[in-house]
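Read through the structures below before going on.
Both complexes shown next keep subunit A, but they swap its partner, so subunit B is in the first and subunit C is in the second.
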Partner chain A sequence: MHIERDLVGGDVLLKVAGRLDTPNAKPFEASLMEVVSTTGGGIVVNLAGVDYVSSSGLRALLVAGKAMRTAKRRLALEALQPQIREVFDISGFSTLFEIS
Partner chain B sequence: MSVLAELLAGLGLLFVGLSRLSSHLQHATGWRARQWIRRATGAPLRGLVCGTLAGAATQSSNAVAIICGNLVRGGVFHTRDAIPVVAGGSVGTAALVLVAAIDFRLLVFFALAAVGFAIHLRLDRHPGWRDWIGAALGLTLALLGLVFIKQAPRALDAAAMATWIGPLLSPWLGFAIGLALAVVSQSSSAPTLLVLALLQAHLLDLSAAFPLVLGANLGSGLSALLAAGGLEGTGRQLCHVHVLVKAVGCLLVAALWAVGLVSARLWGSAEPADLLQAAAGGNIALAVSVLFLTLQLAGALPVTLARGAAERLASRLSPPSLEDGASRPRYIDTRALDAPASALDLSQREIQRLVSLLPTLLPDLDQSDAATPGERLALWRGAGAVVRDVDLFLVALMGRGPGPEELAVALRQQALVEMIRALQDTLHDFSEVVESFDALPPLGFNLSESLRTLVLSLADAEGAEDLSVLAALTADRSTLLHRIRQSLLGTQAEAGDEMRRLLLATTLFERAVWLMHRIVVALHPVENDDNPGLSSGAERNEVHAH
Partner chain C sequence: MSTSPAADTLVSALQVGAELAAISDATAWLGALGAREGWPDALRFGLELSVEEALTNVISYGFAAVDHAPQIRLEVYRQPHGRVAVRLIDNGIAFDPTGLPEPDPAASIEEARIGGHGVQLMRHFLESLSYRRAGGENQLTLVAGPKAAD
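And then the complex of A and B:
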């Protein structure tokens, strides 16, 4: 898994590539939480390079989403591949996150 | 050939009967019945007497050991309390020969007739009797199996066998023949017939028949391990106790016999065989019966007295299985029933533990070293047993007349337990569908991992905020799933059977999410429009109907 970090406007853009599976979920969650704790704006996660998401990957997003909701900040997802979008729809995550 | 056919038919009936008995007993034995059984077997002497009566009634110590094993596995009572019952079972089978000539076969036929008439009269449709009649059918089928097994050796020409074997018989060969015949025929009847034939044909005296009787006694114990079939863990421990009773009896009586022989050689006292025959008034058949009874008593009494050590040994030989561990409640305790507030606190903790264990019922498709289907099946069965125990606990609590507030809480918990039970079963069914694919299609993977995410979130939920998020995540998604089903039906990409299983997976997924939503609402501390009195019977009926 590879994560690139950019600043777009006031938001942090995280470009994720690879698999969001069990081995990668912890580093992914740590990266997200690090951004949550060290920045003050919104976070946008670009998932264009992600072709596999398991329950561990979804849970990492859920943890970060909870922290962002508590801080009343925005966490958005973008550029989901169709099969990844299906996981988000079926799991109900599409209703929890702003997806573009 | 008829001997083999009767033996196999008997074994088949025994296995089917025990399986039915085991499954129905777990449902049939309510809290009161469990309390009664525990009281009846709470002291070693009472347990020994109960076992003796059970052995006399069933005429099979194997049946007593295996039925006790099933009761222990069903959580009705504990291994330690069951040990004297198993020990008594051996005494009962031997003692009855001396006190009465009951035709066991006729008893079984009448019992089977009674169960058959009960089913014909549709008494098994009565909710309170259904499982008791199911358990009675299982028991009578198992006992009918034992009748077949015991009858089978009668077709053997014992006299011919005795003529053939008698001259060749050495003490060790006699022991081995007795043991083998008892193991194969699942009872000591066959070797007993052989011993009597050998004695009556004067091919053998009582002294030479002694090793054969010892072998038959030990063999009938070992046969319980074979008859136990799939019984494992704590359930199987009592079969080991049964073998221990037989082995200790053999060792002690053999030691006493040896002392008698040495005494006869050195000091010219009477031979043990002569003493035994004299005690039986010269009746050779009675002498064999007395020897059998002595073997049972010599095994039963020491094992009952040292039941702690027997339990440790049995536990080492058959360690508790995964299902045993999963089926033990962690918090609820009957002693708390007198204090309703504490009892409700304990049942609430048990319910929370059941929720936290829900993810173990689903496959983790992302990890190759996750639990196997067999392990998940054991966990599902174990979790189901705990749900039943919590339900019985709450019923017992409500039966003690708690205050209105406590009654309301108990009813709410009972409704929650029913939803958890329904969710456990749905997750189990879903897992079976997912695991039925050789190569899981992407939709199956997405459904499984989505469901796993939701269940993990439910298991970890802490406080109102988590529950609010979960309520949103588990909101109605019938439109989405309908669209997915239509898409599946419209594509020819999936093979017919594969599509059918995927459709079933979507249905089970939808039901699981709906149940989770109801559980989230019930767990939510705030009463709201989504939480309209979960204690109502209508709500519970809805769970079953959905």
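And then the complex of A and C:
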């Protein structure tokens, strides 16, 4: 797994690549939460380079999503590959997150 | 003890370590096997995901209270009509994931429960998921079919 970080406008753009599987989920969650706690604007997670996500990966996003909602900040996801979108749809995560 | 129908052909088997880091190796092995066997991409994706969800449960909860050495094994069978069966065998505590309830759909991110989505994903991506306990082992059989490619 690889995460690239940019500042776009006032938002942090995280470009994630690789597999969001169980072994990667903890470091992924830690990276997200580090951005949540050290920045004050919105966060956009670009998943174009992610070709696999399991429930552990979803869980990491949910933890970050809850923290951002509590802080009244925006967390958006973008560029989901079709199979990733399917996982989001089945688990109900498509309606929980802003996805573009 | 195997009870596979005669039509099933064992393609390959793998011993899996009882730590979460071993899951990546197991799914990579399954993915490479799928490429060699010519599984459709959607079948391979769904099977990798389902095996990961099942392994995560076994490794996370199966051996916390046992004092014998963990044994986890994956067997992959070729079945008629392009179906693939994966049998996950472990000697952890008895655990039947087929009866696990699915989480209620959450109306908002505040209400969403963390966890519980693995079984939902398995039911979606698999044609069948069956469990039996025999000889001190859990045997979970995951069957995926080519219709997952639609």
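A few notes on this one:
Everything below uses one rule, namely that the second predicted complex is superposed on the first by the 100 of 100 C-alpha atoms of A that agree within 3 Å, B and C clash if a C-alpha of one lies under 4 Å from a C-alpha of the other, contacts with A are read in each partner's own complex, and residues count from 1 in each chain.
Note that contacts are C-beta pairs under 8 Å (C-beta built on N, C-alpha and C of every residue); 3 or more make two chains touch, one makes a residue touch a chain.
Small disclaimer: the values here were computed from a predicted structure and weren't measured.
Looking at the shared chain after the overlay, A:S54 reaches both subunit B and subunit C. Once chain A of one complex is fitted onto chain A of the other, the partner contacts of A:Q83 extend to both subunit B and subunit C. In the superposition on chain A, A:F28 contacts neither subunit B nor subunit C. Contact with both subunit B and subunit C is seen for A:S91 once the two complexes are overlaid on the shared chain. Comparing the two complexes, residues 21-22, 54-56, 58-59, 62, 66, 69, 83, 87, 90-92, 95-96 of subunit A contact subunit B in one case and subunit C in the other. For subunit B in complex with subunit A, the touching residues are 364-367, 442-443, 446-447, 449-450, 452-454, 456-457, 465-466, 469, 472-475, 477, 480, 484, 509, 513. Touching subunit B in their complex are the following residues of subunit A: 21-22, 53-56, 58-59, 62, 66, 69-70, 83, 86-87, 89-93, 95-96.
Contact residues of subunit C toward subunit A in the complex are 20-21, 23-24, 27, 42, 45, 48-49, 52-53, 55-56, 103, 105-106, 108-110, 112, 114-118, 120-121, 124. The part of subunit A that touches subunit C in the complex is made up of residues 19, 21-24, 52, 54-56, 58-59, 62-63, 65-66, 69, 83, 87, 90-92, 95-97.
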